[in-house]
Amino acid sequence: MSFFSELVSTLFERRYQKFLSKEAEGRSTTDLARALLGSIGEVSGVAMAHTVLDRYETMNANEKLAFFEFMTHELEIDPEEVIETLKAYKADPNKDSYRSFAIASEPKRQELARRLNQVPGATGQLVQLRKDLLQVIKDRPDLGPLDVDLKHLFASWFNRGFLVLRPINWSSPADILEKIIAYEAVHAIDSWDDLRRRLKPEDRRCFGFFHPSMPNEPLIFVEVALTKGIPNSIQDLLTDEREAISAGDADTAVFYSISNCQAGLAGISFGNSLIKQVAADLAQDLPGLSTFVTLSPIPSLNRWLKQADLAKGIENQSASLAAYYLLEAKTADGSPYDPVARFHLGNGARIHAVHTGADTSANRLAQSNGTMVNYLYDLAKISHNHEQFVKDKTVVASAPVRTLCASVRTKITGK
Amino acid sequence: MSFFSELVSTLFERRYQKFLSKEAEGRSTTDLARALLGSIGEVSGVAMAHTVLDRYETMNANEKLAFFEFMTHELEIDPEEVIETLKAYKADPNKDSYRSFAIASEPKRQELARRLNQVPGATGQLVQLRKDLLQVIKDRPDLGPLDVDLKHLFASWFNRGFLVLRPINWSSPADILEKIIAYEAVHAIDSWDDLRRRLKPEDRRCFGFFHPSMPNEPLIFVEVALTKGIPNSIQDLLTDEREAISAGDADTAVFYSISNCQAGLAGISFGNSLIKQVAADLAQDLPGLSTFVTLSPIPSLNRWLKQADLAKGIENQSASLAAYYLLEAKTADGSPYDPVARFHLGNGARIHAVHTGADTSANRLAQSNGTMVNYLYDLAKISHNHEQFVKDKTVVASAPVRTLCASVRTKITGK
Amino acid sequence: MSFFSELVSTLFERRYQKFLSKEAEGRSTTDLARALLGSIGEVSGVAMAHTVLDRYETMNANEKLAFFEFMTHELEIDPEEVIETLKAYKADPNKDSYRSFAIASEPKRQELARRLNQVPGATGQLVQLRKDLLQVIKDRPDLGPLDVDLKHLFASWFNRGFLVLRPINWSSPADILEKIIAYEAVHAIDSWDDLRRRLKPEDRRCFGFFHPSMPNEPLIFVEVALTKGIPNSIQDLLTDEREAISAGDADTAVFYSISNCQAGLAGISFGNSLIKQVAADLAQDLPGLSTFVTLSPIPSLNRWLKQADLAKGIENQSASLAAYYLLEAKTADGSPYDPVARFHLGNGARIHAVHTGADTSANRLAQSNGTMVNYLYDLAKISHNHEQFVKDKTVVASAPVRTLCASVRTKITGK
Amino acid sequence: MSFFSELVSTLFERRYQKFLSKEAEGRSTTDLARALLGSIGEVSGVAMAHTVLDRYETMNANEKLAFFEFMTHELEIDPEEVIETLKAYKADPNKDSYRSFAIASEPKRQELARRLNQVPGATGQLVQLRKDLLQVIKDRPDLGPLDVDLKHLFASWFNRGFLVLRPINWSSPADILEKIIAYEAVHAIDSWDDLRRRLKPEDRRCFGFFHPSMPNEPLIFVEVALTKGIPNSIQDLLTDEREAISAGDADTAVFYSISNCQAGLAGISFGNSLIKQVAADLAQDLPGLSTFVTLSPIPSLNRWLKQADLAKGIENQSASLAAYYLLEAKTADGSPYDPVARFHLGNGARIHAVHTGADTSANRLAQSNGTMVNYLYDLAKISHNHEQFVKDKTVVASAPVRTLCASVRTKITGK
């Protein structure tokens, strides 16, 4: 189907390009964008959208910035009109008065994004546009409203109900696999051989969410190891000397790496859904599995310890310090300080165990002296844990982890 | 994939249903909808969305009405808040102030629809919900704003860029084909044998748009006959005594039937895109094709003639009257009076020829004495025609049709 | 892929047809067949094979007969050459001498069939050729050797390892489904509505074997009903008033119809494999299933009773008579007299129960007064039963069936 | 489908393994093979075939040899029986007498191979078995008859009509692509990056033949470059600095590498079919293509020159020498001496041009001083060329090549 639609769109382009090009020649991209917003029918609309997107792709940084400014400031709401239509709606609430208000209160940049999205393949290009935007937004807070609108649209387009879960394995297309290599953000994949070791053995699994309009682009993926017992070392888990076990013999599924792939979809959360759906899927497929667990980094442990001036005199108690950090270190609003902890605890997982020497990579030594943590997903309890966490930020942890934590707490507080 | 995701969602349901059911038992559907809007995480969210949709399906008419009222009136914007956040945004335009305004100015029913849509398969259920709404809205104009919002969401979800064009033929799944039988709105298909005659011969084609989240539901489809020369009779075109020609020998593609399938997507236009993409596709596939044309009914001819009190004395000049009607009969705003003419002329087609005795079915005799019309899609001119039509309602017609029209005009106006 | 290969083969044909046609024009089909056998390369070979097969399709009965005669008698072994090469091989057994013998002892008609089979789609045409042959062979026993060779080739080409098991359901292509309607040989399917009732409900299944070279042609298919308990009436099983049960609630899978589809594959057995693979598959998919059983006709009961002059005075004891017949009526070589019984018992099933009034159709009343039988496939015992049956024709039956049988035996024999 | 059948077969195995294992425990593999040949039904047959194939896979070289001996010598024809059944058939030619002869004259090893092939996946294992056989056959000519029979069976199973042509590109499964890297026999692919350069650009294509029972194993594949004009250097063609052209702009398709993949299918020719089908396919897809040509090595040039003691004094005339060699160097039976020339000329191609310095790799310098040759496939003439070549070994070459050749001939022969 993809090949077919490509053919057709090429044809479309060729046919209409000549009619359009003359017309488009002398016009700026913003002019075309205005015309696209004004067009009623679709004929020239798709051709204009094509041209706008094509031009965007070849813009330099300054031109992109100018385009963002155009979208933010020119395609902005008119406050007078919002108030006027709101009054009219309040006075006589009906379909027409409401529609006028709805149109007035939504900036035209949203409609522009939807019209650009008529072009096959445009969704990915718009995600890329937001990625570009996010790179400049820190220096240009005035573009914030554009980001709010794009994120709003993307949340609707990339709604969970539209996503497709696909297994990724050694039979997957190479053009997808090379993206797995590129996007892996937790434990780098250094070659195709390394990738094969993660995907091919019978006791390894990988799954990703895809959107039908970006069929070759994973949005997020998770790598899973099937093991006997809960692992305590990432190097042991990934060593190329290990021997694969039969999937049917495994009792534990270890989610050892989760990577978001699309910077342009920042803030739209998929990981929560992914872990649960994969767990449910594996449970169905492999009835022998009874434990679903992560082996996760603790990325901000050392930074916090340093900043809290804490570890002195108990440097050698890595495990206890990690436990204390995970349970007690909080942000201003009372959430866990550690971002990975926030993610998994927010999903309804609980802290199961901490392991020293669990990741001897330079990166992880710097972050946490190599200490890692298992978050456990108990399908029967994640709903409850999640509710508790949302309600009052309760962090659930196993008894041994609580004991470890308590030992540090006592030292510090005397309690 | 569909089988797989079905399995998983079933599992999901079973797992969470038991946790939810206790909780949900005593609560009304609107209560659950409120909770769904309030939920932060996704765990129980999906389960609640499931329950709300399941309950909706079993509601009677009154209960549905009450649910529409809830969505319209309770999940409404707060005008004070809109004004307040608007003022704050104007005073200090930034990401946060804009986000507050954006949230305030969008009724919560939109967010509810998006959250319901997290459930796999929910999109089709929401389309069904709007179908139900449209059936009561005439008597309940106060529900208009809900319809505006659903249409707004659907226009975004069913954006052209998300649709997939699929050929429909005698190798298509039976569950799709039975929908073709059910949805055919122009020339009824009376049996599977009739359907086979429309799909199987080498000189017949059918294409439909589908949405990835409703894979078994065509949104719109078009039936095409490949012919030598432009046909002037639908009965000749569809007779079961004809002999199929080789597709490679055809010079003309006749779009003889276009049917919208989803009442719940009313007002979201697909036909324009469909005809052009199918024409482009066929042109690529069969280089012998040079003419793309419809054989279309003239549904409002007789009604208009009667109302205009026009045909007296020239009843026998059916072709001329039809030509006159197509070119001169207008609505209040100057558009063609005939809805089918509005559609094709708006797409950039031109009136090519009118044929008397072209459809001898009772229905068509009543509408137009059996007269039909060819609209011609000249790929090189549709863009220009369309622009003209949009700008000043220009109706383009062939010389013979204009001559026919002129003969009547002279009689009536003396000019 | 099928569309693609069709395109290519069409192209091939067009390209080469013109070169070939001149050459082929004046030549008889048998001449072309001889040339095809003589050709070394493949270029003109495929074109010649195409022409031979095309011509075969348009032959009348006499011409086909002549072609069969050609294949049987002209493409025959040369006995002298067989003996000569055999002697040479015996004298000096090596690769070359063996190859000479192997070529001499295999009639050239086999090689002709293989060369015809180079053409995409030819396999189905050759199966059709054997179907034609089987229709005349009774009157032409001299063509027997051709049938032996075709069956030998087909047994190799349609080896179990090459077949694909595919589910057939209401999402299957219509062109396959219309063949299911046509080929159903046990309980006729009288309309597409009837077909939908057999395929769509959650408690119905259908599976068929397909060959990759005949992707739209089922070779054999089995219809399955999922039930609670073992059924005793086909009308109850198929009534359109019944309510479907949830597949997960079923404890029994009933194989109520098995139909061979290809007359040209007569004598090549697929049913045995099919039942077992489907049973294994269902057991995997639906762990609640514990019983795999048929509800089968007893096609030769009345014929045998009449011929054995047996039923007098005990006409009213239908069940007992059926039991007696199934256990005691034998062919000359000691096999069960009933062909359906031979099939299932040969597969390793056992006779579980007989039911009077189980099929009230005219056909079945004539065959067996409406009595039917359950053959039970106990996956743990079919291997053993099968071995016993092969070794000494042992018929395994349940205690109640044996008791029923004994009552008749006593009456007849006094024992 | 593959995943599904794998599941089922696993289940099958588990179910029956326990029944079989006891029985099989004390029995040798040859005993089981004998039992498999004797078995009538399929139940235990498939299980026995499984066991035999599993055991074969773990055999060491001596055990394999013993198994080959068993198949060759024990499962041999009985000459007496051949003669006896032949006599009976001659005396009374009918179906039964012919069947007896057919059975007697075919060694039981063929039937064993067919029965082993009942197991899903067995075809690939049997191809592997022949690969093993071919490695020992030089030292064990007595096993020749086994090879004759396997090749005979494979020629039937891998008949052109059963093969599927599939494009291989950067979207193909990694497990197939790694085989392309492994099997490339002409211009080695040294990394995944190198592979990407051969498959991903718009002006590169690759196609392979596959058999439905070995879906992940290419049988043969061809790599194609789309170019403007006929290339004269493989390094230029493959350099990673080149810029891809648009496929629509190419006028020439260059078949620059053809690799057979399965040693176990030696002697069964696919290359002829492959080139022609790919040429036909590309011609259909890209109407701009008018030239189909190879850029081929001349593997035996230097060996022959040396052996013919020929190049002295004209070493610097590489092109002329190559032309002379290609046209005049013959084997004992008058065929071209060069194996690659034999292949392409036998397919109906003609010699178009020779290029010095066309391949600067060490291997090619040693073979031919880096000289390469274009064989041209003129679709309108290959049939004729092929016939000529078969009939009287005519080598067709372009005028320039003939002129080059003549210059050497004159020097040598004075004519």
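When the chains are written out, they are named A, B, C and D in that same order, and each has its own residue count from 1.
Everything below uses one rule, namely that contacts are C-beta pairs under 8 Å (C-beta built on N, C-alpha and C of every residue); 3 or more make two chains touch, one makes a residue touch a chain.
Note that the structure is predicted; figures quoted are calculated from it, not measured.
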Centroid-based (C-alpha) most distant chain relative to subunit A: C
Gap in Å, rounded to a whole number, between the CA centres of subunit D and subunit B: 54
Computed distance of Cα centres, subunit C from subunit B, in Å: 47
Chain centre separation in whole Å, for subunit B relative to subunit A (CA means): 34
Overlap residues in subunit C, where contacts from two or more other chains coincide: none
In contact (per the touch rule at the top): chain pairs: A-B, A-D, B-C, C-D
Residues of subunit A defined as touching subunit D within the complex: 170-175, 177-178, 192, 196, 200, 216
Touch list for subunit D against partner subunit C, complex: 1, 4-5, 7-8, 11-12, 15-16, 19-20, 39-44, 46-47, 79, 82-83, 86, 89-90, 93-96, 98-99, 102, 105-106, 114, 117-123, 141-142, 144-145, 147-149, 152-153, 155-157, 159-162, 164-166, 212-213, 269, 272-273, 276-277, 280-281, 283-284, 346-348, 379-380, 382-384, 386-387, 390
